[in-house]
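Which chain is which? They are A, B, C and D, in the order written, and residues in each are numbered from 1.
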Amino acid sequence: MSYALRMLETYPGDFGFDAAQLAAAIEALHDCAQACTACADACLAEPQVADLVACIRLNLDCADVCATTARALSRQTEYKPELARALLEACVIACRACGDMCAHHGEMGMEHCAVCAEACRRCAEACEALLAKASV
Amino acid sequence: MSYALRMLETYPGDFGFDAAQLAAAIEALHDCAQACTACADACLAEPQVADLVACIRLNLDCADVCATTARALSRQTEYKPELARALLEACVIACRACGDMCAHHGEMGMEHCAVCAEACRRCAEACEALLAKASV
Amino acid sequence: MSYALRMLETYPGDFGFDAAQLAAAIEALHDCAQACTACADACLAEPQVADLVACIRLNLDCADVCATTARALSRQTEYKPELARALLEACVIACRACGDMCAHHGEMGMEHCAVCAEACRRCAEACEALLAKASV
Amino acid sequence: MSYALRMLETYPGDFGFDAAQLAAAIEALHDCAQACTACADACLAEPQVADLVACIRLNLDCADVCATTARALSRQTEYKPELARALLEACVIACRACGDMCAHHGEMGMEHCAVCAEACRRCAEACEALLAKASV
(Lines give C-alpha, C1' and ligand atoms only; values in the text may rest on other atoms or scores of the structure.)
Protein backbone atom coordinates (compact mmCIF):
# COMPACT_ATOMS: atom_id res chain seq x y z
CA MET A 1 0.00 0.00 0.00
CA SER A 2 1.41 3.41 -0.93
CA TYR A 3 2.26 6.06 1.63
CA ALA A 4 -0.28 8.36 -0.04
CA LEU A 5 -3.04 5.84 0.68
CA ARG A 6 -1.81 5.07 4.18
CA MET A 7 -1.75 8.78 5.01
CA LEU A 8 -5.31 9.21 3.71
CA GLU A 9 -6.50 6.19 5.70
CA THR A 10 -5.08 7.65 8.92
CA TYR A 11 -6.33 11.19 8.24
CA PRO A 12 -8.36 12.31 11.28
CA GLY A 13 -11.05 14.20 9.34
CA ASP A 14 -13.43 13.52 6.45
CA PHE A 15 -12.73 14.17 2.80
CA GLY A 16 -14.93 14.10 -0.25
CA PHE A 17 -12.99 11.54 -2.29
CA ASP A 18 -12.63 7.83 -2.61
CA ALA A 19 -9.31 7.37 -0.81
CA ALA A 20 -7.95 4.86 -3.31
CA GLN A 21 -8.70 7.11 -6.27
CA LEU A 22 -7.24 10.20 -4.60
CA ALA A 23 -4.11 8.30 -3.55
CA ALA A 24 -3.70 6.97 -7.09
CA ALA A 25 -3.85 10.52 -8.45
CA ILE A 26 -1.29 11.78 -5.92
CA GLU A 27 1.04 8.94 -6.87
CA ALA A 28 0.55 9.55 -10.59
CA LEU A 29 1.38 13.23 -10.02
CA HIS A 30 4.58 12.33 -8.16
CA ASP A 31 5.57 9.79 -10.82
CA CYS A 32 4.99 12.37 -13.55
CA ALA A 33 6.92 15.09 -11.73
CA GLN A 34 9.85 12.72 -11.24
CA ALA A 35 9.80 11.41 -14.81
CA CYS A 36 9.65 14.94 -16.24
CA THR A 37 12.56 16.12 -14.07
CA ALA A 38 14.60 13.10 -15.17
CA CYS A 39 13.53 13.46 -18.82
CA ALA A 40 14.67 17.11 -18.94
CA ASP A 41 18.01 15.94 -17.58
CA ALA A 42 18.23 13.03 -20.04
CA CYS A 43 17.46 15.41 -22.94
CA LEU A 44 20.35 17.61 -21.77
CA ALA A 45 22.62 14.55 -22.04
CA GLU A 46 21.59 13.83 -25.66
CA PRO A 47 23.97 14.85 -28.50
CA GLN A 48 20.99 16.47 -30.30
CA VAL A 49 20.00 18.60 -27.29
CA ALA A 50 19.39 21.56 -29.61
CA ASP A 51 16.43 19.67 -31.13
CA LEU A 52 14.97 18.95 -27.68
CA VAL A 53 14.60 22.47 -26.30
CA ALA A 54 10.80 22.48 -26.47
CA CYS A 55 10.71 19.09 -24.73
CA ILE A 56 12.99 20.26 -21.91
CA ARG A 57 10.91 23.36 -21.34
CA LEU A 58 7.65 21.38 -21.22
CA ASN A 59 9.27 18.86 -18.87
CA LEU A 60 10.27 21.63 -16.45
CA ASP A 61 6.81 23.18 -16.37
CA CYS A 62 5.06 19.83 -16.10
CA ALA A 63 7.29 18.79 -13.19
CA ASP A 64 6.52 21.98 -11.27
CA VAL A 65 2.77 21.91 -11.93
CA CYS A 66 2.43 18.23 -10.97
CA ALA A 67 4.49 18.65 -7.79
CA THR A 68 2.38 21.60 -6.65
CA THR A 69 -0.87 19.80 -7.45
CA ALA A 70 0.26 16.69 -5.56
CA ARG A 71 0.90 18.89 -2.52
CA ALA A 72 -2.44 20.67 -2.77
CA LEU A 73 -4.33 17.37 -3.10
CA SER A 74 -2.39 15.96 -0.14
CA ARG A 75 -4.04 18.65 1.97
CA GLN A 76 -7.64 17.81 2.81
CA THR A 77 -8.10 20.15 5.79
CA GLU A 78 -10.22 23.17 4.82
CA TYR A 79 -10.22 21.83 1.28
CA LYS A 80 -11.00 24.32 -1.51
CA PRO A 81 -12.57 22.47 -4.49
CA GLU A 82 -12.30 25.51 -6.77
CA LEU A 83 -8.52 25.70 -6.38
CA ALA A 84 -8.08 21.93 -6.72
CA ARG A 85 -10.10 22.04 -9.94
CA ALA A 86 -8.00 24.87 -11.39
CA LEU A 87 -4.78 23.03 -10.56
CA LEU A 88 -6.02 19.73 -11.98
CA GLU A 89 -6.98 21.54 -15.18
CA ALA A 90 -3.50 23.08 -15.40
CA CYS A 91 -2.03 19.60 -14.87
CA VAL A 92 -4.06 18.09 -17.67
CA ILE A 93 -2.86 20.83 -20.04
CA ALA A 94 0.77 20.36 -19.00
CA CYS A 95 0.66 16.55 -19.07
CA ARG A 96 -1.08 16.40 -22.45
CA ALA A 97 1.38 18.85 -24.05
CA CYS A 98 4.45 17.25 -22.51
CA GLY A 99 3.19 13.70 -23.10
CA ASP A 100 2.45 14.35 -26.78
CA MET A 101 5.88 15.81 -27.38
CA CYS A 102 7.63 13.03 -25.47
CA ALA A 103 5.59 10.38 -27.30
CA HIS A 104 6.77 11.87 -30.60
CA HIS A 105 10.41 11.72 -29.49
CA GLY A 106 9.85 8.23 -28.14
CA GLU A 107 8.76 7.07 -31.59
CA MET A 108 12.02 8.52 -32.92
CA GLY A 109 13.94 6.24 -30.57
CA MET A 110 14.44 8.25 -27.41
CA GLU A 111 13.54 5.73 -24.74
CA HIS A 112 13.51 8.15 -21.78
CA CYS A 113 10.92 10.23 -23.64
CA ALA A 114 8.81 7.10 -24.20
CA VAL A 115 8.81 6.34 -20.48
CA CYS A 116 8.06 9.97 -19.62
CA ALA A 117 5.21 10.06 -22.18
CA GLU A 118 3.63 7.12 -20.37
CA ALA A 119 3.93 8.85 -16.98
CA CYS A 120 2.38 12.03 -18.44
CA ARG A 121 -0.50 10.15 -20.04
CA ARG A 122 -1.28 8.22 -16.85
CA CYS A 123 -1.15 11.45 -14.82
CA ALA A 124 -3.48 13.26 -17.22
CA GLU A 125 -5.94 10.38 -16.97
CA ALA A 126 -5.78 10.33 -13.16
CA CYS A 127 -6.40 14.11 -13.05
CA GLU A 128 -9.29 13.84 -15.50
CA ALA A 129 -10.82 11.05 -13.39
CA LEU A 130 -10.73 13.31 -10.32
CA LEU A 131 -12.16 16.22 -12.29
CA ALA A 132 -15.11 14.02 -13.25
CA LYS A 133 -16.07 13.79 -9.57
CA ALA A 134 -18.49 16.26 -8.10
CA SER A 135 -16.31 16.75 -5.03
CA VAL A 136 -13.62 18.64 -6.90
CA MET B 1 15.90 47.35 -11.29
CA SER B 2 14.76 43.88 -10.18
CA TYR B 3 16.54 40.70 -11.21
CA ALA B 4 13.33 39.54 -12.88
CA LEU B 5 13.42 42.59 -15.16
CA ARG B 6 17.16 42.37 -15.77
CA MET B 7 16.81 38.70 -16.76
CA LEU B 8 13.99 39.54 -19.18
CA GLU B 9 15.99 42.40 -20.69
CA THR B 10 18.95 40.08 -21.39
CA TYR B 11 16.78 37.20 -22.68
CA PRO B 12 18.12 36.23 -26.13
CA GLY B 13 14.72 35.54 -27.74
CA ASP B 14 11.41 37.33 -28.15
CA PHE B 15 8.44 37.15 -25.85
CA GLY B 16 4.88 38.38 -26.12
CA PHE B 17 4.77 40.55 -23.02
CA ASP B 18 5.73 44.00 -21.92
CA ALA B 19 8.90 43.18 -19.94
CA ALA B 20 8.11 45.58 -17.09
CA GLN B 21 4.62 44.16 -16.62
CA LEU B 22 5.81 40.55 -16.74
CA ALA B 23 8.65 41.28 -14.30
CA ALA B 24 6.23 43.00 -11.95
CA ALA B 25 4.00 39.90 -11.97
CA ILE B 26 6.93 37.57 -11.31
CA GLU B 27 7.99 39.76 -8.38
CA ALA B 28 4.44 39.92 -7.00
CA LEU B 29 4.24 36.12 -7.21
CA HIS B 30 7.53 35.75 -5.31
CA ASP B 31 6.45 38.30 -2.70
CA CYS B 32 3.14 36.49 -2.21
CA ALA B 33 4.78 33.06 -1.97
CA GLN B 34 7.20 34.37 0.65
CA ALA B 35 4.54 36.23 2.64
CA CYS B 36 2.25 33.16 2.65
CA THR B 37 5.06 30.86 3.81
CA ALA B 38 5.92 33.31 6.59
CA CYS B 39 2.25 33.89 7.50
CA ALA B 40 1.63 30.14 7.90
CA ASP B 41 4.61 30.06 10.24
CA ALA B 42 3.47 33.14 12.16
CA CYS B 43 0.00 31.60 12.58
CA LEU B 44 1.67 28.50 14.05
CA ALA B 45 3.33 30.79 16.62
CA GLU B 46 0.02 32.36 17.72
CA PRO B 47 -1.59 31.19 20.98
CA GLN B 48 -4.93 30.82 19.13
CA VAL B 49 -3.44 28.59 16.40
CA ALA B 50 -6.54 26.36 16.57
CA ASP B 51 -8.60 29.25 15.15
CA LEU B 52 -6.15 29.76 12.29
CA VAL B 53 -6.17 26.33 10.68
CA ALA B 54 -8.03 27.44 7.55
CA CYS B 55 -5.62 30.37 7.17
CA ILE B 56 -2.55 28.14 7.47
CA ARG B 57 -3.90 25.71 4.90
CA LEU B 58 -4.70 28.48 2.42
CA ASN B 59 -1.27 30.01 3.02
CA LEU B 60 0.44 26.72 2.17
CA ASP B 61 -1.50 26.23 -1.07
CA CYS B 62 -1.12 29.85 -2.10
CA ALA B 63 2.66 29.71 -1.53
CA ASP B 64 3.01 26.60 -3.71
CA VAL B 65 0.78 27.85 -6.52
CA CYS B 66 2.49 31.26 -6.66
CA ALA B 67 5.99 29.75 -6.62
CA THR B 68 5.16 27.38 -9.48
CA THR B 69 3.52 30.14 -11.51
CA ALA B 70 6.52 32.43 -10.99
CA ARG B 71 8.74 29.67 -12.38
CA ALA B 72 6.52 28.98 -15.38
CA LEU B 73 6.34 32.70 -16.25
CA SER B 74 10.12 32.99 -15.87
CA ARG B 75 10.40 30.56 -18.81
CA GLN B 76 9.72 32.25 -22.14
CA THR B 77 11.34 29.68 -24.42
CA GLU B 78 8.70 27.60 -26.22
CA TYR B 79 6.11 29.44 -24.19
CA LYS B 80 2.67 27.79 -23.86
CA PRO B 81 -0.01 30.47 -23.34
CA GLU B 82 -2.69 27.90 -22.47
CA LEU B 83 -0.71 26.58 -19.50
CA ALA B 84 0.27 30.07 -18.33
CA ARG B 85 -3.39 31.08 -18.42
CA ALA B 86 -4.47 28.04 -16.37
CA LEU B 87 -1.79 28.72 -13.77
CA LEU B 88 -2.60 32.42 -13.56
CA GLU B 89 -6.26 31.54 -13.04
CA ALA B 90 -5.31 29.12 -10.24
CA CYS B 91 -3.20 31.89 -8.68
CA VAL B 92 -6.05 34.37 -8.73
CA ILE B 93 -8.29 31.83 -6.97
CA ALA B 94 -5.64 31.06 -4.35
CA CYS B 95 -4.65 34.69 -3.77
CA ARG B 96 -8.27 35.90 -3.50
CA ALA B 97 -9.21 33.15 -1.02
CA CYS B 98 -6.06 33.54 1.06
CA GLY B 99 -6.09 37.33 0.87
CA ASP B 100 -9.72 37.54 2.01
CA MET B 101 -9.11 35.28 4.98
CA CYS B 102 -5.90 37.09 5.97
CA ALA B 103 -7.61 40.48 5.61
CA HIS B 104 -10.29 39.28 8.03
CA HIS B 105 -7.66 38.19 10.57
CA GLY B 106 -5.77 41.43 9.97
CA GLU B 107 -8.84 43.40 11.00
CA MET B 108 -8.91 41.35 14.19
CA GLY B 109 -5.40 42.54 15.00
CA MET B 110 -3.08 39.97 13.50
CA GLU B 111 -0.54 42.16 11.80
CA HIS B 112 1.27 39.39 9.87
CA CYS B 113 -2.07 38.49 8.28
CA ALA B 114 -2.61 42.13 7.29
CA VAL B 115 0.77 42.23 5.53
CA CYS B 116 0.10 38.88 3.86
CA ALA B 117 -3.37 40.04 2.72
CA GLU B 118 -1.72 42.96 0.96
CA ALA B 119 0.79 40.68 -0.79
CA CYS B 120 -2.06 38.37 -1.88
CA ARG B 121 -4.16 41.24 -3.22
CA ARG B 122 -1.27 42.74 -5.15
CA CYS B 123 -0.44 39.33 -6.60
CA ALA B 124 -4.03 38.68 -7.67
CA GLU B 125 -4.10 42.07 -9.40
CA ALA B 126 -0.81 41.42 -11.19
CA CYS B 127 -2.07 38.02 -12.39
CA GLU B 128 -5.36 39.52 -13.55
CA ALA B 129 -3.48 42.23 -15.44
CA LEU B 130 -1.48 39.57 -17.31
CA LEU B 131 -4.62 37.55 -18.00
CA ALA B 132 -6.16 40.64 -19.63
CA LYS B 133 -3.41 40.54 -22.28
CA ALA B 134 -3.96 38.66 -25.50
CA SER B 135 -0.52 37.04 -25.31
CA VAL B 136 -1.43 34.81 -22.39
CA MET C 1 9.45 -1.27 -11.80
CA SER C 2 9.28 2.35 -10.61
CA TYR C 3 9.41 5.32 -12.97
CA ALA C 4 12.56 6.48 -11.18
CA LEU C 5 14.30 3.23 -12.11
CA ARG C 6 12.92 3.17 -15.65
CA MET C 7 14.14 6.73 -16.21
CA LEU C 8 17.61 5.82 -14.93
CA GLU C 9 17.73 2.73 -17.14
CA THR C 10 16.94 4.80 -20.24
CA TYR C 11 19.31 7.65 -19.31
CA PRO C 12 21.63 8.21 -22.31
CA GLY C 13 24.79 8.92 -20.27
CA ASP C 14 26.75 7.30 -17.47
CA PHE C 15 26.30 7.87 -13.77
CA GLY C 16 28.28 6.85 -10.75
CA PHE C 17 25.56 4.98 -8.86
CA ASP C 18 23.95 1.60 -8.80
CA ALA C 19 20.69 2.42 -10.59
CA ALA C 20 18.51 0.36 -8.25
CA GLN C 21 19.96 2.01 -5.15
CA LEU C 22 19.65 5.52 -6.58
CA ALA C 23 16.08 4.88 -7.72
CA ALA C 24 15.20 3.53 -4.27
CA ALA C 25 16.54 6.72 -2.68
CA ILE C 26 14.60 8.95 -5.09
CA GLU C 27 11.43 7.00 -4.30
CA ALA C 28 12.05 7.17 -0.56
CA LEU C 29 12.54 10.93 -0.85
CA HIS C 30 9.25 11.30 -2.74
CA ASP C 31 7.43 9.09 -0.24
CA CYS C 32 8.80 11.11 2.65
CA ALA C 33 7.94 14.46 1.04
CA GLN C 34 4.39 13.28 0.42
CA ALA C 35 3.95 11.77 3.90
CA CYS C 36 5.28 14.94 5.56
CA THR C 37 2.97 17.19 3.51
CA ALA C 38 0.01 14.98 4.43
CA CYS C 39 1.09 14.71 8.09
CA ALA C 40 1.27 18.50 8.45
CA ASP C 41 -2.26 18.64 7.07
CA ALA C 42 -3.50 15.83 9.33
CA CYS C 43 -1.99 17.59 12.36
CA LEU C 44 -3.94 20.73 11.37
CA ALA C 45 -7.12 18.62 11.49
CA GLU C 46 -6.44 17.34 15.01
CA PRO C 47 -8.35 18.91 17.93
CA GLN C 48 -5.05 19.29 19.81
CA VAL C 49 -3.34 21.16 16.94
CA ALA C 50 -1.78 23.56 19.47
CA ASP C 51 0.33 20.68 20.79
CA LEU C 52 1.50 19.75 17.30
CA VAL C 53 3.08 23.00 16.17
CA ALA C 54 6.65 21.69 16.28
CA CYS C 55 5.60 18.61 14.32
CA ILE C 56 3.89 20.68 11.61
CA ARG C 57 6.91 22.91 11.23
CA LEU C 58 9.30 19.96 10.94
CA ASN C 59 6.94 18.31 8.45
CA LEU C 60 6.98 21.40 6.23
CA ASP C 61 10.76 21.69 6.22
CA CYS C 62 11.25 17.95 5.71
CA ALA C 63 8.84 17.94 2.75
CA ASP C 64 10.69 20.80 1.05
CA VAL C 65 14.18 19.41 1.65
CA CYS C 66 13.24 15.91 0.44
CA ALA C 67 11.49 17.23 -2.68
CA THR C 68 14.50 19.34 -3.64
CA THR C 69 16.93 16.50 -2.99
CA ALA C 70 14.82 14.11 -5.09
CA ARG C 71 15.02 16.58 -7.96
CA ALA C 72 18.77 17.10 -7.64
CA LEU C 73 19.40 13.33 -7.56
CA SER C 74 17.12 12.88 -10.58
CA ARG C 75 19.63 14.99 -12.54
CA GLN C 76 22.73 13.02 -13.47
CA THR C 77 24.01 15.26 -16.28
CA GLU C 78 27.02 17.30 -15.13
CA TYR C 79 26.50 15.82 -11.70
CA LYS C 80 28.08 17.67 -8.75
CA PRO C 81 28.86 15.21 -5.92
CA GLU C 82 29.63 17.99 -3.44
CA LEU C 83 26.15 19.49 -3.76
CA ALA C 84 24.44 16.08 -3.67
CA ARG C 85 26.33 15.28 -0.47
CA ALA C 86 25.30 18.54 1.19
CA LEU C 87 21.66 17.98 0.27
CA LEU C 88 21.69 14.37 1.45
CA GLU C 89 23.17 15.51 4.76
CA ALA C 90 20.42 18.13 5.11
CA CYS C 91 17.85 15.40 4.37
CA VAL C 92 19.22 13.11 7.04
CA ILE C 93 19.00 15.93 9.60
CA ALA C 94 15.43 16.79 8.57
CA CYS C 95 14.25 13.18 8.38
CA ARG C 96 15.79 12.21 11.74
CA ALA C 97 14.30 15.25 13.52
CA CYS C 98 10.87 14.89 11.91
CA GLY C 99 10.84 11.10 12.23
CA ASP C 100 11.72 11.21 15.93
CA MET C 101 8.97 13.70 16.68
CA CYS C 102 6.40 11.82 14.61
CA ALA C 103 7.38 8.51 16.23
CA HIS C 104 6.76 10.10 19.63
CA HIS C 105 3.29 11.28 18.54
CA GLY C 106 2.63 7.90 16.95
CA GLU C 107 3.24 6.21 20.30
CA MET C 108 0.65 8.58 21.77
CA GLY C 109 -1.90 7.27 19.29
CA MET C 110 -1.66 9.54 16.27
CA GLU C 111 -1.64 7.06 13.44
CA HIS C 112 -0.74 9.52 10.66
CA CYS C 113 2.37 10.45 12.64
CA ALA C 114 3.28 6.77 12.95
CA VAL C 115 3.06 6.30 9.17
CA CYS C 116 5.04 9.51 8.57
CA ALA C 117 7.69 8.44 11.08
CA GLU C 118 8.21 5.27 9.07
CA ALA C 119 8.56 7.22 5.80
CA CYS C 120 11.07 9.57 7.47
CA ARG C 121 13.14 6.71 8.87
CA ARG C 122 13.24 4.86 5.57
CA CYS C 123 14.24 8.06 3.78
CA ALA C 124 17.03 8.80 6.26
CA GLU C 125 18.36 5.27 5.78
CA ALA C 126 18.24 5.55 1.98
CA CYS C 127 20.11 8.89 2.13
CA GLU C 128 22.70 7.48 4.51
CA ALA C 129 23.20 4.49 2.20
CA LEU C 130 23.94 6.84 -0.71
CA LEU C 131 26.25 8.96 1.45
CA ALA C 132 28.26 5.82 2.24
CA LYS C 133 29.14 5.53 -1.48
CA ALA C 134 32.28 7.10 -2.81
CA SER C 135 30.44 8.52 -5.82
CA VAL C 136 28.53 11.08 -3.79
CA MET D 1 10.53 47.78 2.93
CA SER D 2 10.44 44.22 1.57
CA TYR D 3 7.66 41.78 2.39
CA ALA D 4 10.26 39.47 3.95
CA LEU D 5 11.21 42.20 6.44
CA ARG D 6 7.60 43.24 7.07
CA MET D 7 6.66 39.62 7.80
CA LEU D 8 9.57 39.28 10.24
CA GLU D 9 8.65 42.54 11.96
CA THR D 10 5.08 41.32 12.53
CA TYR D 11 6.10 37.80 13.59
CA PRO D 12 4.48 37.10 16.99
CA GLY D 13 7.42 35.18 18.49
CA ASP D 14 11.13 35.69 18.99
CA PHE D 15 13.89 34.67 16.63
CA GLY D 16 17.62 34.58 16.95
CA PHE D 17 18.52 36.81 14.03
CA ASP D 18 18.81 40.43 13.18
CA ALA D 19 15.59 40.88 11.18
CA ALA D 20 17.18 43.05 8.51
CA GLN D 21 19.98 40.58 7.88
CA LEU D 22 17.63 37.59 7.77
CA ALA D 23 15.23 39.40 5.42
CA ALA D 24 18.14 40.35 3.16
CA ALA D 25 19.17 36.69 2.95
CA ILE D 26 15.62 35.55 2.16
CA GLU D 27 15.41 38.16 -0.60
CA ALA D 28 18.81 37.21 -2.01
CA LEU D 29 17.71 33.57 -2.06
CA HIS D 30 14.52 34.46 -3.95
CA ASP D 31 16.43 36.67 -6.40
CA CYS D 32 18.92 33.88 -7.03
CA ALA D 33 16.21 31.24 -7.49
CA GLN D 34 14.43 33.47 -9.99
CA ALA D 35 17.59 34.44 -11.88
CA CYS D 36 18.69 30.79 -12.12
CA THR D 37 15.27 29.67 -13.41
CA ALA D 38 15.33 32.44 -16.01
CA CYS D 39 18.99 31.79 -16.91
CA ALA D 40 18.31 28.10 -17.58
CA ASP D 41 15.50 29.20 -19.87
CA ALA D 42 17.64 31.84 -21.60
CA CYS D 43 20.39 29.24 -22.16
CA LEU D 44 17.78 27.00 -23.84
CA ALA D 45 17.03 29.89 -26.22
CA GLU D 46 20.70 30.31 -27.24
CA PRO D 47 21.85 28.89 -30.61
CA GLN D 48 24.82 27.27 -28.83
CA VAL D 49 22.65 25.50 -26.24
CA ALA D 50 24.78 22.36 -26.60
CA ASP D 51 27.69 24.27 -25.01
CA LEU D 52 25.54 25.39 -22.08
CA VAL D 53 24.36 22.05 -20.72
CA ALA D 54 26.45 22.24 -17.54
CA CYS D 55 25.20 25.78 -16.92
CA ILE D 56 21.54 24.77 -17.34
CA ARG D 57 21.94 21.87 -14.96
CA LEU D 58 23.62 24.01 -12.30
CA ASN D 59 20.93 26.66 -12.74
CA LEU D 60 18.18 24.09 -12.10
CA ASP D 61 19.80 22.75 -8.94
CA CYS D 62 20.66 26.21 -7.64
CA ALA D 63 17.08 27.41 -8.18
CA ASP D 64 15.65 24.46 -6.23
CA VAL D 65 18.14 24.68 -3.36
CA CYS D 66 17.70 28.45 -2.95
CA ALA D 67 13.89 28.23 -3.06
CA THR D 68 13.83 25.52 -0.39
CA THR D 69 16.29 27.42 1.81
CA ALA D 70 14.26 30.62 1.49
CA ARG D 71 11.21 28.70 2.71
CA ALA D 72 13.03 27.09 5.62
CA LEU D 73 14.46 30.45 6.75
CA SER D 74 11.01 32.04 6.44
CA ARG D 75 9.89 29.65 9.19
CA GLN D 76 11.06 30.79 12.62
CA THR D 77 8.62 28.77 14.75
CA GLU D 78 10.37 25.80 16.37
CA TYR D 79 13.47 26.78 14.43
CA LYS D 80 16.13 24.09 13.96
CA PRO D 81 19.58 25.71 13.60
CA GLU D 82 21.22 22.45 12.52
CA LEU D 83 18.95 22.09 9.49
CA ALA D 84 19.22 25.77 8.56
CA ARG D 85 23.01 25.47 8.67
CA ALA D 86 23.03 22.38 6.42
CA LEU D 87 20.76 24.12 3.90
CA LEU D 88 22.80 27.32 3.93
CA GLU D 89 25.93 25.27 3.31
CA ALA D 90 24.25 23.53 0.38
CA CYS D 91 23.24 26.95 -0.97
CA VAL D 92 26.76 28.29 -0.79
CA ILE D 93 28.02 25.26 -2.75
CA ALA D 94 25.29 25.64 -5.39
CA CYS D 95 25.63 29.43 -5.69
CA ARG D 96 29.43 29.34 -5.93
CA ALA D 97 29.41 26.59 -8.61
CA CYS D 98 26.61 28.18 -10.62
CA GLY D 99 27.95 31.71 -10.16
CA ASP D 100 31.44 30.75 -11.34
CA MET D 101 30.11 29.06 -14.46
CA CYS D 102 27.74 31.91 -15.25
CA ALA D 103 30.50 34.47 -14.69
CA HIS D 104 32.64 32.60 -17.22
CA HIS D 105 29.82 32.66 -19.80
CA GLY D 106 29.14 36.29 -18.97
CA GLU D 107 32.73 37.17 -19.90
CA MET D 108 32.13 35.44 -23.23
CA GLY D 109 29.24 37.81 -23.91
CA MET D 110 26.16 36.10 -22.53
CA GLU D 111 24.48 38.91 -20.65
CA HIS D 112 21.84 36.79 -18.90
CA CYS D 113 24.64 34.69 -17.43
CA ALA D 114 26.38 37.85 -16.20
CA VAL D 115 23.22 38.98 -14.38
CA CYS D 116 22.68 35.49 -12.95
CA ALA D 117 26.31 35.32 -11.80
CA GLU D 118 25.76 38.51 -9.82
CA ALA D 119 22.59 37.10 -8.19
CA CYS D 120 24.47 33.89 -7.29
CA ARG D 121 27.41 35.76 -5.81
CA ARG D 122 25.18 38.02 -3.71
CA CYS D 123 23.21 35.02 -2.49
CA ALA D 124 26.35 33.11 -1.53
CA GLU D 125 27.55 36.12 0.42
CA ALA D 126 24.22 36.53 2.22
CA CYS D 127 24.22 32.83 3.17
CA GLU D 128 27.82 33.03 4.38
CA ALA D 129 26.95 36.09 6.48
CA LEU D 130 24.14 34.13 8.19
CA LEU D 131 26.40 31.13 8.70
CA ALA D 132 28.86 33.39 10.52
CA LYS D 133 26.21 34.04 13.19
CA ALA D 134 26.05 31.87 16.24
CA SER D 135 22.27 31.56 16.00
CA VAL D 136 22.40 29.35 12.92
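Going forward, a contact is a pair of C-beta atoms (placed from the backbone, for glycine too) under 8 Å apart; a residue touches a chain by one contact, two chains touch by 3 or more.
Owing to the predicted nature of the structure, the values given are computational and were not obtained by experimental measurement.
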Averaging each chain's C-alpha atoms to get its centre, pick out the one most distant from chain C. B
Is the number of contacting C-beta pairs greater for C-D or for A-C? A-C
Please compute the C-alpha centroid of chain A, do the same for chain C, then give the distance between them in whole Å. 19
Mark out which residues of chain C touch at least two other chains, giving numbers and ranges. 41, 44-45, 53, 57, 60, 67, 71, 75, 77-78
Can you list the chain D residues touching chain C in their complex? 53-54, 57-58, 60-61, 64-65, 67-68, 71-72, 75, 77-78, 80, 82-83, 86-87, 89-90, 93-94, 97
Note which residues of chain D are touching chain A in the complex, please. 40-41, 44-45, 47, 49-50, 53, 56-57, 60
Which stretch or stretches of chain B touch chain D in the complex? 2-4, 6-8, 10-13, 26, 30-31, 34-35, 37-39, 41-42, 44-46, 63, 67, 70-71, 74-78, 111-112, 114-116, 119
